[in-house]
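You will see two complexes here that share chain A, one where it goes with chain B and one where it goes with chain C.
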Partner chain A sequence: MGLRLPALSRLVVMVVASLVLTLGPARSSSAVVPPCPVATDATIARMAEQWAASFKTPYCAYLDERRNILLKQKLVAGVLRQTSVMSEIFKVSEEATDIAKRIKKASRHVSLKNQGVADMAAAKLRVLKAGAALTTYSAGEKAFAKASRMDRALERFAPTAFDFSSRHQAQKDAAKLAYLRGLVQAEELRLLSLLKMMDALEGER
Partner chain B sequence: MDRIGTNKRTLLLLSFLVTGGILLAAGLVPRKGDCYATCSPVIAVTNYSHFSALLKSLVEDRLVTELKLCLYGKLNIAHLPGSFRAFDTGLWKATDLPPLVDEVVSGGLGSQLAFVKTRMSVEAFAARLNKTVLSALGKELKRLGLEEGRIRETLGDYRREFLNSRLALATYADEVRDFQSRTAEFLPVSSRLLSRMTALGGKMDVADGIGGKQGAQMSNNTRQILDECAAHTQGGLKNIAGIAEAALADSIGRGFCSAGGAYLAARLAKLRGPEGKAAISSQDIASVIEGVDRAAAGTPSEYIRSSTADLADMAAGTRTLLTARMKEGIASALLAVSSAMSLEKEKERVINSLYGGIEQEVKKLFGDAGFFGAVARQRGRVSLLDREDVKRITVLLAGRNSSMLRRRLAVRHYIVARTSLEMAAAVKSGLAGFDPAAIDRGYEDMAWKDLARFNYYLLSMENHRLKLLALRAMTGSLATEDPDVSRYAEDSGLSEGF
Partner chain C sequence: MKDRLSLFVGTTTGKVICGVVIFFLLATSAYATAVQVINFPALMSMVQKMVTQAITDKIKAVWNEEVKIKLEPGTINTKAVSFVKYNISSFTDKMISQYMKNNAGAFARGDGKLFAETAKSKAAPIIPSPNSDFKEFQKKIREVSILLAGAPGGGTDRMKHFTTAEHAAVKLRDVFNQASVAAYEKASEGVYVAERFRKELSSFDPACIDSAKSDQAVKDLAKLAYYNAMLQSEILAVMSQGEMRRALEGR
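Our next item is the complex of A and B:
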């Protein structure tokens, strides 16, 4: 090489000194650069959690409020308001004490002394027939009065009202009407049964 | 140089080259300050908390709007009339509130969109910004004691060379357009929600009115829904304003102010003071630029707030008009439904009064043997189903040779049977015009209305059947000719309904 050692060592010292002086501050300023505030996976997850938590309260509050409104809608009464009055009409007791007394009185007219079996049976059937006719007449009379009252109650309502109500109201009204139909049909069945009983007794005469 | 020697010179040159290389390498290494320039501009403009709050509000609004529309759909279907009376177009039209709502809402939306198009355009913002900065510059120059002529000249140059230049406009045009387009996109969504929800409120009010629930508070549901929609519109406009304010303030602060500052610095440096005074100092120039920048920086928020406030005022006007129109609409719908209900019962009433009248007339003739004889002697057959013959039939029944009770019962029996016949015919003709497949085509909710209606008809018919059956039971019992029954019937007389 031809270079003397002191000169070479001076060069090495200079290079090392330059490196230390230059790269030292440069490392401190650039090598440890804090990360950009760009969202990393971890920060996105954290932010998502925070957002989800913050949505929870207002969104759930709104849903709660809406649910309450919907529930309130479901609690609205139907448009057919006369149902209580109508059902009261049919709740009146059918037992007529005066009819029972009359049937008892009719049975006293029948004499069962010194007669044969056929006569006794015929007499008993006559009493039964009279009782059935009395009961049927009374039941018919009462049922007619009830049906007339029902007619008057129905007169005050027009089914067009269902079309402009909510579905929940219509459902309630449909159920109430089905109940009332049940009451009316029970009354009908009672009358039909009485008539059929009477027919059966008539057939025996 | 000769004293140094060749080796030493080579060594010195080498050491210079190495040091230079090291310095160059160190200079290329990125430093701390350079890092943020490459980061997201959104993050740079705003900050996490602001960004987060804005995004949260936007998403919340979006979700709640969707939720509202979903609920609207569900509730609206629940308030649709049944299929059975759908052909009754007169009533349908009288109670159809959506066209009324749409008319008012679309009018309001039209005004809002016209406002957005003209008053929220880039040109409108530029005019406002230019006016503000020119006024601020004028004041600053006046403060420096410049002559009026020079001030005018400077302001004219500033307007022509900078404010009206493409360069200045480009610094904020995109942000202003974004604000304009976001608002223009939001308003139809908000109006659609308002329109649908208000129509639903109207339907609910009509339903409450028919149920006799509301009384004086006829449009209670509509009022509540309008309040909710107003809050939604305000929230949406506030969100858009929040986004626009951050973006526009940033573009004005960065682009407009730096470009304007550079222009003003160069332009003002050329200015000479009044006679005998020195040129404007650098500090004065800096102070003028600062004053102009301050004025410019305040413009976005003022512009956005005033635009948003104007739009909110217009929405409030639409709401007031809508409230008044809905009140009228609900009242007329209720009237129409009430008339339809009355008409529906009218047919029944006519039949009842017709036969009731005949019965009353015949009751008066119970003791009139002459009239009975006249009817009995009339030639020609009496028709069972002819309406004209109802009276003759009842007279014949009333004149029979039996007790008063039996005759009255016979007349009543016939009249009830006759009324039931008419009723059956009416129900049958009503049902015959209906295709039950229409129920399949409608919503389940509509079927419930039809079911309720059919149940009503069934109840009504069963009640008539009960009446007939009751009368049959009474006459059947009397027909047994049992003395106890006859005695009982005569003693108790005819009760209610005769």
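Our next item is the complex of A and C:
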């Protein structure tokens, strides 16, 4: 039954068999030992790709999510909603206060017959002054009406609302308020200028 | 079967085969471990490179998108806004330093032709409409300025017997007339600028700011702050010019 070999032969057989098994099938066969996944460059690259993807995907998703949240915040409207209504107040045309018509009307009452140059110049300046006074009064009346309407529109808004809004909304509201302030200032400039024109036309010369 | 296997393992051959198998298993395990340990740095380096590249690409893409948003222009069209361009100062300076010096006031020796023509012209004096062209507007303003400047007085020959106080009064009256012309022209510019601002910016609906991004709103805010500063400075100029004139009034 037993296979009888001399001791030396048994030793040789044992060594040869070990070498063959170790360097041969063990290296190539995957059945004997689970393969080392990093044994070849291709395997390393494939594994690296898998690892990279597993890191990349959640990171990119996080960045996209943050970016979308930020974009959404940037697009949220301000809390001062009635700005369109407020700007409409200043869009009313001033054509009704047609300066030329008023001055022409006033000049009809001035007689320029048999007058010297100085008298004619003074008469013209008087007409201009009367026209400027009419225009200034009319502009003042309209400006006061606009300011009152603007006041009422602003009263409906509580500035504490800014405390509960985001920075992005506050920025938008600041821009809208700057726009409205510009319209108010333009009205102020117009009225002040008319007043100073009227002032310049009067006084002793 | 179990007995036969025990008997076989007990034999010399069985022992040799078992020894070889155990040796084979140990050697294979050692080899695989060695290979894995040797290649691990290569794997990590590759993974590190790939992950770094992927993350860098993503950050770049997001940053580029963010920069693009930041570079978007505001909603106010600045090209349509022209009110900041109108300035009458140099026009007024010329009127005072050239015309009034020679053709208006007590010290002027001019013939007063332009003053006489303007005074006698049949055209009714008007405060021009700010809706007209700026040059046309200036022309109409100038007609009034000539009337305000007054006629030439004929020079110092007529002031031989004037006292110091009378000389001072004459000079102050001339300065007052100059101040009146300057105040009138500056105030006219103020009316023109105010009307232009209203016309050019009232077509803009501030609700547009709500639908834009906040980065655009910040740009619009800066532009409007600039326009507000312009208007404020115009208000200051008109007011100061007028107050200078008022300070000379009645002297």
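In the analysis below, the second predicted complex is superposed on the first by the 142 of 205 C-alpha atoms of A that agree within 3 Å, B and C clash if a C-alpha of one lies under 4 Å from a C-alpha of the other, contacts with A are read in each partner's own complex, and residues count from 1 in each chain.
We adopt the following convention: contacts are C-beta pairs under 8 Å (C-beta built on N, C-alpha and C of every residue); 3 or more make two chains touch, one makes a residue touch a chain.
Note that the coordinates shown come from a computational prediction; the quantities given were computed from them, not determined experimentally.
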### Message
A:Ser193 in the overlay: touching chain B, chain C, both, or neither? Say first, second, both or neither.
### Response
second
### Query
Who does A:Glu49 touch here: chain B (first), chain C (second), both, or neither?
second
#### Entry: chain B versus chain C as contact partner of A:Tyr59, first or second or both or neither
both
### Query
When the two structures are overlaid on chain A, which partner does A:Ala147 contact: first (chain B), second (chain C), both, or neither?
first
### Query
Given the touch rule stated above, what does A:Lys91 touch, chain B (first), chain C (second), both, or neither?
second
### Query
Touching A:Leu180 in the superposition: chain B (first), chain C (second), both, neither?
both
### Query
Once the shared chain is lined up, is A:Thr83 touching chain B (first), chain C (second), both, or neither of them?
second
## Note on the structure
chain A residues where the chain B and chain C footprints coincide 2-3, 10, 14, 18, 22, 26, 33-34, 36, 38, 47, 51, 55, 59, 63, 73, 77-78, 99, 103, 167-169, 171, 174, 178, 180-181, 185, 187-188, 192, 194-195
### Query
So in the complex, which bits of chain C are touching chain A?
11-13, 16, 19-20, 23-24, 27-29, 31-32, 35-36, 39-40, 42-43, 46-47, 50-51, 54-55, 58-59, 62, 65-66, 69, 112, 115-116, 118-120, 124-129, 144, 147-148, 150-151, 173, 176-177, 180-181, 183-184, 186-191, 193-195, 197-198, 201-202, 204-207, 209-215, 217-218, 220-221, 224-225, 227-228, 231-232, 234-235, 238-239, 241-242, 245-246, 249-250
#### Entry: List of chain A residues in touch with chain B within their complex
2-4, 7-8, 10-11, 14-15, 18-19, 22-23, 26, 29-31, 33-34, 36-38, 47, 50-51, 54-55, 58-59, 62-63, 66, 70, 73, 76-81, 99, 102-103, 105-106, 129-130, 133-134, 136-151, 154-155, 157-171, 173-174, 177-178, 180-181, 184-185, 187-188, 191-192, 194-195, 198, 202
### Message
Applying the document's contact rule, which stretches of chain B touch chain A when the two form their complex?
### Response
7-8, 11, 14-15, 18-19, 22-23, 25-26, 29-32, 35-36, 38-40, 43, 48, 52, 55-56, 59-60, 63-64, 67, 71, 75, 77-79, 81-82, 85, 91, 95, 203-204, 206-208, 210-213, 333, 337, 340-342, 344-345, 348-349, 445, 448-449, 451-453, 455-460, 462-467, 469-474, 476-478, 480, 482, 484-485, 488-489, 492, 494-498
#### Entry: chain A residues within the chain C interface of the complex
2-3, 5, 10, 13-14, 17-18, 21-22, 26-27, 32-34, 36, 38-39, 44-45, 47-49, 51-52, 55-56, 59-60, 63-64, 67, 71, 73-75, 77-78, 83-84, 86-87, 90-91, 94, 98-100, 103-104, 107, 117-118, 120-121, 124-125, 127-128, 131-132, 135, 167-169, 171-172, 174-176, 178-183, 185-190, 192-197, 199-201, 203-205
